[in-house]
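Chains: A, B and C, in written order; residue numbering restarts at 1 for each.
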């Protein structure tokens, strides 16, 4: 299965870094097939921050994890769709000279969902990186910060490590073989023992020192004070905000093209939240990283994201610019979300909550998923599925999935 | 995927049903849940087969007169291999039919496990309840005693007791009771303390229930589960330890008991007569396995803590 | 600070438990009436019998006898073993070394095999290999040692003739000095590889038999804690870094899964200890277990008392050490949340 579908060119417009098309991810359960993500489509513009908003259980995390094939396939099932991604490799047909096949980008366009284990591993941590919700849980409690951060460099920047250690060119056969195995974490028991003896030992120390250098540099990037000391600590010795910075440092270590942030500030105190958000935004601007920011907090997303996609019960209900969505929401669910936010301009009194509950996603019936809670329900809302369509021809980027606008 | 997508079954109970009916229905649900696990069902099937074998022993094989629990001695048929006519599993050195030993051994094991488990449960529950309810110094002393008992490894403790009392089947029962009651005392005490603190006990006290009433109505029924689980596991384990004691030689020679048979069959092994030890030993294994499977299944349903079944 | 309190509390309770155990053990021996029997023979006249009684303080009240026993133990007198026809103290060290060698060998088998099988099964959940290993581990917990050992004996000694019984070939054994009492180590120290191989060959069957139950329990625990760890976020995060499955499994998940497994390993020590009694009988291993088995059948009270006290103290100490180790390891993980 060729990752860039050799015969038919996939059209990924030049300004996009990634595009999700009709993604379907289901889960086997005792009661039936759960349609977690049921036909989701959206685009991520190169260099922009894209927000994916929805309440708990709407499928946003599953969508995010699908990018790097992190869904466990039993019980998960990839039921359809593709996620296109602009890689750094040159297009196969034109070798970077730009052609129709690669939509004039000169680069290979991959379908992330059809890549093999080895192919996706190349991208993970290097071209696409992820930061998780609870840094306390996403960092291995039994390993030091240094060990965990070093892994990214060891996996993807082997040559940089050797160069920094001054060993890039002058290594003979067995030294080169063993050291490379060590860096790539592919040593077996015998090589581990051998590496303890000189002269290997001396070389190993140089390599470790080089790695340490790379690690401290990465930590400093996220404004962590005293990187040398922090490096030797264990996750539980750090505060929540620090841990999240470490996670971020780990993610941007290799300067990825796409950063996926799965509710990175939800588990943090409010004061710390602001600083971490600023950090992410700052890094994004500096390195021109594209970001997919998952959150349930619409007001937060509005602050930092360029574009927003609103998700409900496994489907996208509205997409568009962040400001547009906030000031001129079209879908009743989006309207409800915004009304439920407390703000300075609201009158004092009750907050409006959306009545009803999220529907069961097991073998769902036809019909708009929001229909049971919608105050503007029409007759055919419960019998047919609405599609994501452009709201007006003036602003083609604002799309809604609702019968009110068809 | 981290999601837990098992939706919980919401039991809509008719509010007019009596407490007894509710409890009955809940027990029925528990049994249903237990039966959903295939390994538990296998264990249950083996247990039932064993029980049937034990109960119908006099019908399955001709009981040996005068004492059916003594192995028959047929010197002429001694040392026969399996599948000789009349002796499906062969015979022992003294001409005892191995199949007879297997079947009547089940009966012996049933006797042993039922008596020991009943006694240990009663003794353990009483002592544990006293410790939990009375508390204070009494509790401290009782728990120290329990700790001392627990510091001697089970088999070795039972071994020493049975050795002192002298080799006999009754003494094995006694030894096992002395060693194994402590588990139930601990369980019961923990349950009593845990439930004493619950709100509904306070409510009962406010309503004027006496301590005995509270104990019988609130504490005891809710402590049932862990005791049940342990008792089931012990039904298997007791036979295992008991057979080991018999094997070492602390039971009466020549009786139809699996451990004794394995021990007596040892002499023929170097000569290649494997059947006299293998079949009775297999029975001990199956018995212990069956009760362990059922006990594990019960524990998974009544006290689900770690492994989420997905 | 809490850990230190915990350790101190456990250490203070330890002597109380030991004393309590000694009281129970002693009381046990006196229940069966006066143990004078083993010290007498038919030829003695009443005066000699009375002299024997006085010599062993059996004419005094029971509590006093207890103190005489304790006094004797503190002076190194553990009584006379009727079975061995020698003072217990003299016989003990050699048999202790034999049992220790067997128990340690079984322990090595159990730990290495158990962890390997558990990891293998946990990483391949619900696949065929997992089911097979689960069957093996469930059966291990219910396996009667005496039956399993006899099966091994039948298959590997009678039918296949691969392994011998007993502890060693006397010719090879006599040829080397015995500084440690562990035949395997002694043979290596003496550079005698024939003797080493002989010692190991004799060890294999009993060690496997003895270790089987522990292997099963360890494998089971390793499997379930590995499965739990694999569901944690840090495993996904490690994968998201692009690491190979092997690294994620071994360096990340398994390392953390080993922590709860360590407690189980401590538990299995009790199993191993008790199993030596039966294993030594069947494989004719000249250790404490077999000695105890004979003592039990012949009413050799000095041996019984010494053996029970010794195993209980050992049991208590090992449990204490395991609990302390776990408390230390656990704290790191707990504080991390």
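Some notes on this structure:
By our rule, a contact is a pair of C-beta atoms (placed from the backbone, for glycine too) under 8 Å apart; a residue touches a chain by one contact, two chains touch by 3 or more.
The structure presented is a predicted model; accordingly, all values stated were derived computationally and were not measured.
Using mean Cα coordinates as chain centres, the one most removed from subunit B is A. Judged by contacting C-beta pairs, the busier of the interfaces A-C and B-C is B-C.
With centres set at the average Cα position, the gap from subunit A to subunit C is 52 Å. If each chain is reduced to the centroid of its CA atoms, subunit B and subunit C end up 25 Å from each other. Annotation for subunit C: residues 233 touch two or more other chains.
Interface of subunit B with subunit C (complex): residues 2, 39, 144-145, 147-149, 151-157, 159-167, 236, 240, 243-244, 247-250, 259, 262, 266, 269-270, 272, 274, 277-278, 281-282, 284-285, 288-289, 292-293, 296, 306-307.
Across the complex, subunit B is touched by residues 13, 16-18, 20-21, 24-25, 28-29, 31-32, 138-139, 141-147, 150-151, 153-154, 158, 224, 227-228, 231, 233, 270, 273-274, 277-278, 281-282, 292-293, 295-297, 299, 304, 307-308, 311-312, 315-316 of subunit C.
Residue ranges on subunit A touching subunit C, taken from their complex, read 65, 68, 70, 74, 117, 121-126, 129-130, 132-134, 136-143, 151-152, 155-156, 185-186, 234-236, 247, 250.
Across the complex, subunit A is touched by residues 126, 232-234, 236-245, 247, 251-252, 255-256, 259, 332-333, 335-337 of subunit C.
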